[in-house]
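Each structure below appears as structure tokens.
In what follows, chain A forms one complex with chain B and a second complex with chain C.
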Partner chain A sequence: MDVTTILKKYPKRRDSVIEILHEIQNHDPQNYLSEESLKKVATHINLPLAQIYGIVGYYSMLSLNPRKKFVIQVCKSPICGMLGSQSIYDAVKVKISARPDSANLFTIEKVECLGQCNQSPCMMINKEIYGNLTPQKIESIIEEIVISEQNAQK
Partner chain B sequence: MIQEKRIALRNSGLINPESIDEYIQCGGYQAFAKALTMSPSDISEIIIDSGLRGRGGAGFPTGTKEKSTAQTCIECLKYIVCNADEGEPGTFKDRIIMETDPHNLIEGMLIAAWSVGASVGYIYVRGEYHLSIERLNIAIKQAEKKGFIGENILNTDFSFTLEVKPGAGSYLCGEELTLIESLEGKRGYPRIKPPFPAQKGLWDHPTLINNVETLANFAPIILYGADWYKSFGTSKSPGTKIFCLSGDVKRPGYYEVDMGITLIDLINEFGGGVNGNSIKSILIGGAAGTFASINHLNLPLDFDSLKEQGLTLGSGAVVVMNETRDLLEMLTSILDFFKHESCGKCIPCRLGTAQILNITERIQEMEPKERESTFINIIQQAEIMAKTSLCPLGQSPILPLKSLWVNFANELINKF
Partner chain C sequence: MSQSVKFTIDDKQVSAPWGSNLLKVARENGFNIPSLCYHHKLSATGACRLCLVKIEGTRGLVASCTVKVDEGMIITAFDDELEQTRKYLLDYLLSEHNDSYDNTYSDELRDLMFRYGLNKPEDRFFKPIWQNLKFQPDKSSPVLTYDPSKCIKCFRCIKACDEVQGKNVLSFTDRGINSYIIAGNGVWGESECDGCGECIQLCPTGAIVEKPNREVIKLDKVARKIITTCPYCGVGCQIELLVQDGKIVRSNGVEGVSPNDGRLCVKGRFGYEFVHSTERLTKPLIKKNGEFIESTWDEALNLIASKFTSIKNEFGADALAGYASAKCTNEDNYIFQKFIRTAFGTNNIDYCTRLCHASTVTAMLKSIGDGAGSNPIEDFETTDCLLIIGNNIIDTHPITATYVKKGATKGQKIIVIDPKWTPIARYASIWLQPKLGTDVALLNGIVHVIITNGWHNINFIKERVEDGMEAFKVLEQLTSKYTPEYVEKITGVDADKIVLAAKLYAKAPTAMIATGMGMSQQVTGTNNVFCLLNMMLITGQVGRERCGIDPPRGQNNVQGATDVGCHPYMLSGYIPISDEKNRRKVADIWGIPFESMPSKPGLTTVEIVKAAHEGKVKGLFIMGENPMLTDPNLNHTEEALRKLDFLVVQDIFHTETTRFADVILPASTWAEKNGTFVNSDRRVLMVRKAVDCPGEAREDWKILHELAKRMGKPMPNYKDESEIFDELAMVTPILAGISHKRIEVHGIQWPCPTSDHPGTSTLYIDKFNTSTGKGKLFPVDYVEQNERVDSEYPFLLNSGRILYHYHSSTMSRKTKALRDFINQSYVLINPIDASKIKVNNGQKVVVRSKRGQLETFIKVSDEVLEGELFMPWHFSESQVNRLTRDELDPYSKIAPFKLSAVRIENPE
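What follows is the complex of A and B.
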């Protein structure tokens, strides 16, 4: 869905801005908010572009930088941290670098508590939660995504 | 053997959360129908009488908040907001309610809205809770179809609209006035209190704002009465509480039990005991919480008993740490969290959270004597921050810092 179509769904009100930004970002192939999109949002809700940037800059889920199709967010909160989130993060990095053909599929980020502490350590890939992680599980989770992407392209 | 007592979670796992019919079959929306036959002020009197206290962490009497919102003005536009921006590390109880029984929350909001005279409601859910947002949206559509939300609900003159609003990754937006700023589509900066939301909230209108778990208790209280509710828990903290157990326990999870359960019973009876040889410390209340020691294991978990010991119940997060855990590392991780989440509006918090973290990261390399003076120094700094910051974020780092120092000074100075 393009930005103009998304904007049509929302009232021209400031309080819709976070929902609008989420939806634009989720539909963007690069999982981010481009200047071009933000200009359209500013016009739609009649706010200066600087204020839109102010909002995007404040909220950590909104990104001004292009990202890959799959955004891997590893929880680094105190609880996941204690139960080994760093080794999960490292395992993700190792796995991705071991598959150079998948380098264009993944962006890795560390994020604060995902609210899944009953299954720490955990991570989120786009909207999907993965819990009780081990480096071995990371191996198969990433492999599965890579293979399904390769099959989709055939 | 202690049993769970599920009030807020009474339907959780027993019904299909995407079916309003199953919720109705379990007695759903009966409390709301009953509430509509009562006067709004009678409802807030029942809630006051029940002794229900806010389950988001502050423990403020819920009924008093309601009464004050209702009385701010009579014939004016009022809002009700559900605070579902559950971001406290170690806490996931609100997510469970929204994912497994969204209608329970909606019914609670309808009752609360009727009691204060609010005609518009919002549920502000943290953006990461995709399943909660999805299920709440389904539930709202179903409730509209059945006529529980809309114009002239159940043939009365009560009309109400309800909408889900997502957050976007800010811990601070869990603070009520900051949440309201965010709902208005702004950066999440806290407002000066007073005025409280009950007087001037969303778009400066009187606003009742309650946590998910608090609202999830409304329907049962209206159905069964204040005395029934008071038969659970302790005299000063009546009812049940959903505790979120995590860390080094054999069965991490969420358990709804009487307020006042002892820490050791929660860990052993429900958590299956410690994972490891022994318990070293228990972080109660999340990052904005306090470190308890094994001397506190027989302490009842309720707002006042913990406060007397310099601890806090907070949101009900209970993080167990075994004998192998490095408490300084845990503290560093918590302080890093606060640094990341500080919004920067108040300078003492913006600079202080970074400064305290910087110093803490260097403690490991210090000599014992220097460690002691350093801890006393950062506690002083955190106290100044607490006094000079607008919102609870700047007031929080002192909680883990001080409790860790009070309960584990010896280990912090001599170990490593």
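What follows is the complex of A and C.
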């Protein structure tokens, strides 16, 4: 669905901005919000472009940069941080660089609290939450996605 | 006015209107509570927390900027706990702030740092953390830089952009300690920012600073700060010029004074550079063998005096003429018209008003008796409905537009009528886009809708319109055929929109009209305005506050120059030449024999050019005008100027016109003289000298004064400009009560007949200024334009102005900041037409009419309708008036700059 079609579904009200941005991003093949899209949203809602840009800059689930099919979001909140989120982040990086054939599958980001403090440290891949992580678990989670993707290609 | 309430601050009894801002009231009463995010023009933010106070009965400490005062409040503004807390908070703010300071801007945070003894980092509790943040300064704008390391996120800039200027360009992004201010899509120079600099003026920490003169200015070396009036458009903004080493280095808006309350546009803030241009004229120049040779003042003045005298002796006084200047002060213009009427002995005096609002003024004088705007500028915000017609108000009167935009956010209904999209359309409730030249039909259609729906005001018509219902019946009869459907066929505007516009205007509790060049610069200019006035009179949307009609004036002193008599048919104060009693009075005050006062009405600008072409006018004195760019049908103007026996041009620069002069006299800019301007809402405002004239250049009136003496018609030896104003006030009843002394701080709106009169903010409250005191209806029919498209010239060309440049751009293009925004001519063309004739964005083309041609660049845009084009006329290398006609409006003699049939040729 292109941006114009999505915009037609929503009322020209500022309280629909977040929903609109989500839907545009979800329909974007590169999973992000382009400058062109932001301008169209600003015109549709009649809000300043800077405000739309500011909203995207504020929320870590919205991206101004093109992303791969799987977006790995590692939580950087204090609880996850105390329980080792940096080592999780590093493990993800190591694992991905160890599988060069998967480089086009993943984008890694650090994000604000995912609200899963009961299972810290945690991360989210697209819409799925992974909790109580250890570097070993990362190994198998990534491996599983890569293999299922390779199977799907066959 | 709200009811007054009493309360105490630190045991002092204070009273203020209920609901006033506590911080503001406290400061006004001498309690200097610190604050960084509060500004009187903005809504309260409560971000910096420094203005904390204690209020008895309220828990904790409260940010006083967010409190409204109430009866019986007991407030503590200063005690040890508050001061300790403030110091602690300030300490915290400073940790995020880069302290380096280069003395080029005023820094409120720095002042507080000293006040609380936190200037040394070792005295602070919090360690600096700003170095660890990943901020990059944004230097992409032509006029400012933003340094996030100095920003404390008080949001004054964002609110300045939103609430004060209504532009909504700024916001902030990222979060927490990493958040920072952004413009548009994150890059200032690529955003919609138009460089007004309101954010610079309100930034308390130097995060946003001016680019121009940043390397030069040192605040401790600024010798003078002069408050004066902006030299660009007719809003009359009050500016403060900072002078260092004899040069203007900065211009700030003056807070708390009408009409602008500190607001400026990009021209007012940055457009002063031309004053110190190396291209300024600094010596008199005499043309000898086709070349301009520097001369002494004596030689030049003697030559001028003898030439004009011999023309007068040989061909009579009416073979001489003068163009006054809307850029000069009232004092200059008053002396100029006195010079033309006494030394020349003719009424052949006119100026550029003939090219802009002559039709508006003609219609308004006939219908309601005054040619000036009826309302104060503040009413643009508070009226319920504003009709903006043929008026690109955001580009041409940016500060008036800030009032309109504020009104829009409060629910004001805005009707925009314009064949071309203009930025104000974004704020409009409804935008009507008629085809060029069909305004009379459209307005008659609106009047028809008003009458058939009974939305007219019968009481008003009976009481205040001449011949009451009889006159109304004539209008009703004439407009009866202008049904919305019929009008739709002529104008292309949807019938529904016509009905809605009529309803919005007629049924609003109060409604104002802002009319502009789009209405006046047509062959039917006067008729267009008659239609507007008819509509206004039958609905009674005049004669009350926040109702009326306002033509915002293009030039800084276009209002004043006519007020003081630079008019071929009228003496100072709009008194017709034919009024013998007044002629006698003026002759008496000027100390000349009554018989020598010229009694025959003179020629208007375009008529002067025609007479020159026919050899009837042989000598012309032009003060600060550039007809070789501003007059219609320039090829004809050029021939006329060549035919003159003697042409004197008094100006600050060489212009397209000075080429044809026999003598060029170096004059002064507004920053080099004292005097007054009158702005669009009839406010007389002070102009003050900030710097000296360059080289041998002189103040305009002094040149004329000297010349009058050499032509044997000496004027009194005025001590200074205030004495000239006093004489001017004697012959100008509407200004009689005003003197320089009275307008030292605040301007006064005329009419102001006596020295104890407060001035008049709204005109026509009790009566109209016509002979009967009543308004007159002038029903007029729609006539198709003579100039039409055909297969040879298939487009209609419209012309106008843009924000960054000013008229013939003699001043604005000498300023780098303004050139950086735009410095190239263009022609707007609808995308459908562009693909039809196969032209692309940026392509160089020739635009040709029956009168002439020019080269320019294509800009494809749906701002114009199919079949129509638009060009700004500021660019001398693409002179739009080579294409326009000099077929005049029969009533006002204005030329139709807005409509010319042209074609586009591809030179490649």
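In this section, the second predicted complex is superposed on the first by the 151 of 154 C-alpha atoms of A that agree within 3 Å, B and C clash if a C-alpha of one lies under 4 Å from a C-alpha of the other, contacts with A are read in each partner's own complex, and residues count from 1 in each chain.
Everything below uses one rule, namely that contacts are C-beta pairs under 8 Å (C-beta built on N, C-alpha and C of every residue); 3 or more make two chains touch, one makes a residue touch a chain.
Given the structure is predicted, the values throughout are model-derived calculations rather than measurements.
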{"item": "Partners on chain A (chain B, chain C) - clash or fit", "value": "clash"}
{"item": "Partner chain in contact with A:102 - chain B first, chain C second, else both or neither", "value": "neither"}
{"item": "First (chain B), second (chain C), both or neither touched by A:114", "value": "first"}
{"item": "First, second, both or neither for A:54, with chain B first and chain C second", "value": "both"}
{"item": "Which superposed partner A:31 touches (first chain B, second chain C, both, neither)", "value": "neither"}
{"item": "Comparison of chain B and chain C by chain A residues contacted", "value": "B"}
{"item": "Set of chain A residues, in rising order, touched by both chain B and chain C", "value": "54, 58, 112"}
{"item": "Parts of chain A lying in touch with chain B, wherever the complex brings them together", "value": "13-19, 21-22, 45, 54-55, 58-62, 76-79, 81-83, 111-120, 124, 127"}
{"item": "Of chain A, residues touching chain C in the complex", "value": "35, 38-39, 46-51, 53-54, 56-58, 112"}
{"item": "Touching residues (chain side chain C, partner chain A) in the complex", "value": "162, 168-175, 182-186, 191-192, 426"}
{"item": "Residues of chain B defined as touching chain A within the complex", "value": "86-92, 95, 126-130, 165-171, 182-188, 244-247, 252-254, 283, 287, 317, 319, 321, 325, 329-330, 333-334, 337, 340-341, 343"}
